Amino acid sequence: MGDSESLGLHGIAELDLGRAARRGYPEAIYCAGKSAAQVGAIALAVKDAHEAGTTSGTVLFTRAAAEHAEAVLGVLPDAVHDEIGRILAWPPRAPEPTGGLVAVLCAGTSDLPVAREAVFTLTYLGRPTELVVDIGVAGIHRVLARQDLIDAARAIVVVAGMDGALPSVVAGLAHSPVVAVPTSVGYGAAFEGLAPLLSMLNACSPGVGVVNIDNGYGAGHLAAQIAAPLPAT
Amino acid sequence: MGDSESLGLHGIAELDLGRAARRGYPEAIYCAGKSAAQVGAIALAVKDAHEAGTTSGTVLFTRAAAEHAEAVLGVLPDAVHDEIGRILAWPPRAPEPTGGLVAVLCAGTSDLPVAREAVFTLTYLGRPTELVVDIGVAGIHRVLARQDLIDAARAIVVVAGMDGALPSVVAGLAHSPVVAVPTSVGYGAAFEGLAPLLSMLNACSPGVGVVNIDNGYGAGHLAAQIAAPLPAT
Amino acid sequence: MGDSESLGLHGIAELDLGRAARRGYPEAIYCAGKSAAQVGAIALAVKDAHEAGTTSGTVLFTRAAAEHAEAVLGVLPDAVHDEIGRILAWPPRAPEPTGGLVAVLCAGTSDLPVAREAVFTLTYLGRPTELVVDIGVAGIHRVLARQDLIDAARAIVVVAGMDGALPSVVAGLAHSPVVAVPTSVGYGAAFEGLAPLLSMLNACSPGVGVVNIDNGYGAGHLAAQIAAPLPAT
Amino acid sequence: MGDSESLGLHGIAELDLGRAARRGYPEAIYCAGKSAAQVGAIALAVKDAHEAGTTSGTVLFTRAAAEHAEAVLGVLPDAVHDEIGRILAWPPRAPEPTGGLVAVLCAGTSDLPVAREAVFTLTYLGRPTELVVDIGVAGIHRVLARQDLIDAARAIVVVAGMDGALPSVVAGLAHSPVVAVPTSVGYGAAFEGLAPLLSMLNACSPGVGVVNIDNGYGAGHLAAQIAAPLPAT
Amino acid sequence: MGDSESLGLHGIAELDLGRAARRGYPEAIYCAGKSAAQVGAIALAVKDAHEAGTTSGTVLFTRAAAEHAEAVLGVLPDAVHDEIGRILAWPPRAPEPTGGLVAVLCAGTSDLPVAREAVFTLTYLGRPTELVVDIGVAGIHRVLARQDLIDAARAIVVVAGMDGALPSVVAGLAHSPVVAVPTSVGYGAAFEGLAPLLSMLNACSPGVGVVNIDNGYGAGHLAAQIAAPLPAT
Amino acid sequence: MGDSESLGLHGIAELDLGRAARRGYPEAIYCAGKSAAQVGAIALAVKDAHEAGTTSGTVLFTRAAAEHAEAVLGVLPDAVHDEIGRILAWPPRAPEPTGGLVAVLCAGTSDLPVAREAVFTLTYLGRPTELVVDIGVAGIHRVLARQDLIDAARAIVVVAGMDGALPSVVAGLAHSPVVAVPTSVGYGAAFEGLAPLLSMLNACSPGVGVVNIDNGYGAGHLAAQIAAPLPAT
Amino acid sequence: MGDSESLGLHGIAELDLGRAARRGYPEAIYCAGKSAAQVGAIALAVKDAHEAGTTSGTVLFTRAAAEHAEAVLGVLPDAVHDEIGRILAWPPRAPEPTGGLVAVLCAGTSDLPVAREAVFTLTYLGRPTELVVDIGVAGIHRVLARQDLIDAARAIVVVAGMDGALPSVVAGLAHSPVVAVPTSVGYGAAFEGLAPLLSMLNACSPGVGVVNIDNGYGAGHLAAQIAAPLPAT
Amino acid sequence: MGDSESLGLHGIAELDLGRAARRGYPEAIYCAGKSAAQVGAIALAVKDAHEAGTTSGTVLFTRAAAEHAEAVLGVLPDAVHDEIGRILAWPPRAPEPTGGLVAVLCAGTSDLPVAREAVFTLTYLGRPTELVVDIGVAGIHRVLARQDLIDAARAIVVVAGMDGALPSVVAGLAHSPVVAVPTSVGYGAAFEGLAPLLSMLNACSPGVGVVNIDNGYGAGHLAAQIAAPLPAT
């Protein structure tokens, strides 16, 4: 009854290396709730699998606190790390962008960690991406000034906390799908993101798909799928 | 142990006829949860008080279902009744409008009963009022087209269900206070008005005061106070 | 202070006929919370706009109860009506299907009204669609038997109540995006759809975008956008 | 993929310097959820804009923790700081008070930080303000003793946690609008301010507009708008 | 597998006739959720037990809808029935009042059914009782005018919906315990009585015990125990 | 776009006739949310499968309202129907009881429909069952009087609404597992069964497994599995 | 704009020294949410008032964290302090016990801080009190063994977390009123005390009054009032 | 009024040493909310009872933080401690496994502490147990690959956070009962385990009993009872 390391990897995790083949998108390791030692053991298994040729795709480490990042970088020192977005990628080289443009619109500066997690994910899943920050509905002219970008995008990620009003406004101006990410930014009756979550689920403009509160990774993944290049026929 | 009538008015209600003197605004009778007989008895007491000269102001009957309205009109046949807004006023003559203009912006047609309750209240509390319907954020150009009205108003009532995004946008365009009324319009995760309620409480633009879900009367009352003429000095 | 008709259409609604041009998708009229008279007046305005050539696209009437449908059909007798999906379309002719295939997977028979609303919407927004019913996770072999369809689809709408587990399983098998629709099917701790809503927002497979509880229309709209043909360049 | 500073201000925020012109009230920077470095960068941009003459109004920094305040004061050493209210203003000189008197009634000592945030905001938006502390309904005589102030005010901010009963009582005594601020003071079934929030939204006296839990800034802003001097005509 | 009657009383209920001996207060039958036939069968068992001398105390039938009352009166035609309070008692003769006075304060007319259920219960448990209606905090003078009654009572039942503010105010004026009953009166953010329930649980005056929403019976029972005559020693 | 019948069974449902083989327990049809016509079509398919020899096990129809029951009985006139438990079984003959005894303890008469649904399910899944009604904790002696039954049972189903306290008490007296079923019996802060649900999930005695509110079928199924005869070896 | 001390006591609090005269019970200072400096200043004011003879009663300091206690003891070194109950009293001498016996039943050891807060309060409000610990319903024989104490008490305080089942059981055995205190003991679906709170509000035995989660002070105060000696007549 | 030690064990806890005899399963000490000193005192009482021969069974210490574990090990140095599962057992020797096999399926690595608490409990209650980790529905093939284990088990504990979908899938594949344990793993709309809790309560496969969020001990206890050897007859 020792600690987790003594159990070997099979006592703590089972990598799903077939996922890239099955779904077309690589595995991601959710670090929250894992010990640094567990994340390090997983990073080692990823490295081993690459060296053994079992897999070749990029692996993302999401929701990585400082100690998780340290554990990953200890094993994979050339991994790329966005501290603000709490996310790492390895191998470090992002694929060439293909598919349609994805716009990431971030309502406020406090929402930036989530928006950057989405941008990072999109980059490593291979989509061209453009980030716009501080574009809340309190100054609606800032939204309208980006109509060109809204028109050019094949998918639009909208990140907002508090009233969560931005996706409704953007979807009403767009032909492309909107992926809405509520954030836990705010206080009191924001109830840790419940307010923007409900607001986005009730967007009066159709064309909005919602992901979990603060789920920049999920939003990036979904947008990357929406804007994926069509399969050759 | 008979029914309520046998108790006389004092067994069922106690009119607050001093309220007009104390607060400057007349009494309103909340009909929901009262029997038609109780509402009729109250209407009679109002009539008696007027005839006795104890009071002279308008009385509103709010949240009046068909049977409540019938009971009021049975006693006070010249009362004015807005069926859509479920509200009546007596005596029927509204005061001359004084004070600042109040704009009432209604996001969707389904929100109209609440908006009309607000307009009716404002009219009988003596404010000049202008109602605009179907001005949701899904077509933001419809909001921007009303900038003149937004600029002219001394108070703005915004009525919206679903995402409740309109007050944030309007407050960001206005110098005057916004009174936000969430409505129970919507379904599912609107949770009977909880979604727009939370959205409005978290409006990213300051200058928004929120009233209860579907509370058109309360919004009209508050806006009437905000836009009241200044007391002579 | 009469009823809504006396106010003309402008007292009750403001059609957004520019929406097709602006967004590429036509207007939809949300019937719930409107009176039959109001819906009939809107149908008439739609008809007038078509006759005047102001617009030419299809209009959907969603969440139409029996009396709403009757009002629409009174004005537009050739409108198509899916009673189970509570939805109508006019003009009646659906566009030729273009873009990618959309699979609609319906977990149980009780979820069928929502699934059919999605199918109807997809049909009138012009996407090829295939519906599969009664494919819940309690018999996981029924899901696995549809791998071909999952592979062929460019977007997958998954409709489920109760535990809302189906989108996680399907997304784990798919390269295309999943649009998840929680339904209010269930009782007790399903809390009118809250249980599957939360389950879907927390799907352990990335690639899931969630819409409001019972929102078949919104799911169909979003999937139609995802599977839209790429613009000619 | 460095930290936020390397992105320049445009990577983290977009000042809305036109807000004073558009709305008549200056910009406020919400510090929570921002890093100290981000707040410092914004403070610098504010300073630059003043020096460049792009703007001249006061800027508030709200919800400023100790490290945020330090960052602001590092750049703008003459900024005024109320530690209890967690708020700063710069330039430091408050405008001459104009418009109507605003009374700020604070139910308990534990609510004081929120009340002081409101007072500070009112002062820097230019209203004459009077603060009364420890005036809860448990000793109703303390409220009644302030009838003169209630009568003199053109807007009344009421700050209360726990049962949130004070706004109902005060509104029943007042002709002017009440801005109600629920606080997170309390424990257990206060649910971080939910109890007074709901209580205030259901105030049995009309004339109460509610802002977010602990939102002293928003309450002060709204009250400042209500009590604003009328525009010259 | 027939319906309930075929099971005899033991298939549907088990009277707790020892309760009067054990607790000093008689049994009450909760009718909601029972069929009229079940309630009738229980009434018959009560009658039989009285005739057999197994018990002699009063039995209350609470939450009795019209069909329940009819079933009881069919078996026990001399039972006393308060339709507004939805409650019956049999045998019909109430005990002589003993113990301390219980004041029942009812905030609004819509709360009257709950208040009358409390009064009825108190009467049949043998306490002297005085009911005051329409004494909400919106007109605080109406509360203060009853200081004599508040001083005279050995227990005070306060019935209020909406903001639920009355118990805090009354407890702050009283030496005796307050039994607070939130009601489902109100709408929107009253959330079927949640708002006054939370408000009362957070009463800023100590000395308040809360019972379930709309639980007039429970409040009456508890107050009867509080004001019970002291046992002879 | 006709109604559901025109789609054939495959348009509305997919029977899982392999379930008895796979799990050892037969299929159940959840009727709520299905139309009577749909339920009738499913009953017909069940009959056809039996006649074709594709399956031979019992089928249950749960949550059957009167019109559902009528539709089933129209096709399968010898089906057994417990109206109170809203459940039917076909073919009508229950299996010989095997395995351990299951005790079903029902706290109050109003909980009886749920308890009977559990008893019916147990009977048709083949377990010996004993039902005890009206055994709430308000008269704890009634529970203690059943210690023999508690000792004899291999599984105990406890059905309770309101405070949901009974499972804790029973589990503290039992060596066998307790299956706890919260019911929606109660009002106000019972919140449609939330109160007993939470109470049971937090039972201070270990050995309690909870099913959904009012889920008598699920409780019966789970208890039947727990008390199943051991497989021969 | 300095810190709170510079405002004098009147800037931070207003002692209600008339409360003992008005209600018969002394003031209590709620320390949570106050700074240590504020609590110290209040303690000083209390001391001054005693020395000036303005008041003579005991003052309680509730919810006192270590730093609050230190501040009180710095000013009033002979104050009595129960660290577990987080409460202090001054002057230190408790009154002679009068009135009826109050039993305090504590379900588990983890509930002890709340139970001791109640005992301490009762002691300083002058009631004879007996505390029993670890008497949860998981071992119901421990409750039954205390029937004598239950019979002897004029009020019973029951403190319980988790399932909150104890008050129902105790009230079913008692003639005296039960004051139920839910605690935040537990985890997961206990939701910080929500589970026992709801359970207690829905107690199937009448005669239970509920106070806020963890509110030992309030429970003690209410029980002291219930068990108060009758006024001489 | 000293601290808890001065009260002796009877001031803080009452061991229920008869529980093994009464229920067949030994006592467990819930450490959360207790001080280390209190836990140490209880450990000493356990040791004394063993030495006195009053009891002989294993005692578990659950939810033991580091300081609790240290206190136990200080008194009972040979106690077995699983740090990840936060649980200890004494005396250290586990019983020989009897009864049926219990499979513990753990959806993700982050759920491991809860799964290990269940495994530890099962081991010390005497059941043969097999643990499988990282078997979430995102890769459904990993579940299907364990059909043999699912078939062999007499009870299956399923531990999952986030969408909580695994129990539905597993129950649909199993003849044995499933004990579902939601975990607080996840973020945002997982709401500390609410999402998987609701999902599991609404499992579309019957045969699932749910325990509290993160309650590995309770799940292990319940599964041990389900898989217990039949009593000799």
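Letters A, B, C, D, E, F, G and H mark the chains in the order given here, with residues in each chain numbered from 1 onward.
Convention: contacts are C-beta pairs under 8 Å (C-beta built on N, C-alpha and C of every residue); 3 or more make two chains touch, one makes a residue touch a chain.
Everything numeric in this text was worked out from a predicted model, so none of it was measured.
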item	value
Shortest contact path, subunit E to subunit H, counted in steps	2
Chain pair with more C-beta contacts, B-C versus F-G	F-G
Superposing rotation of subunit D relative to subunit G, computed on C-alpha atoms, to nearest 5°	90
Euclidean distance of C-alpha centroids - subunit A vs subunit D, Å	35
Chain centre separation in whole Å, for subunit F relative to subunit B (CA means)	49
Rounded Å distance, subunit A centre to subunit B centre (Cα mean)	45
Per-residue multi-chain contacts in subunit C, two or more chains	108, 138-139, 161, 172-173, 188-190, 194, 197, 201-202, 212-213
Pairwise chain contacts under the document criterion	A-B, A-C, A-D, A-H, B-C, B-D, B-E, C-F, C-H, D-E, D-G, E-F, E-G, F-G, F-H, G-H
Contact footprint of subunit D on subunit E as seen in their complex	107-108, 136-140, 143-144, 161-165, 168-169, 171-173, 186, 188-191, 194-196, 198-205
Sites on subunit G touched by subunit H in the complex	80-84, 108-112, 120, 133-135, 138-139, 141-142, 185, 187-190
Subunit A residues touching subunit C - in the complex, by the definition given at the top	22-25, 28, 100, 154, 172-177, 179, 197, 201-202, 206-213, 217-218, 221-222, 225-226, 228, 230
Subunit B - residues contacting subunit E, complex	1, 3-4, 10-14, 16, 18-19, 30, 32-34, 38, 42, 63, 182, 184, 192-194, 197, 212-215
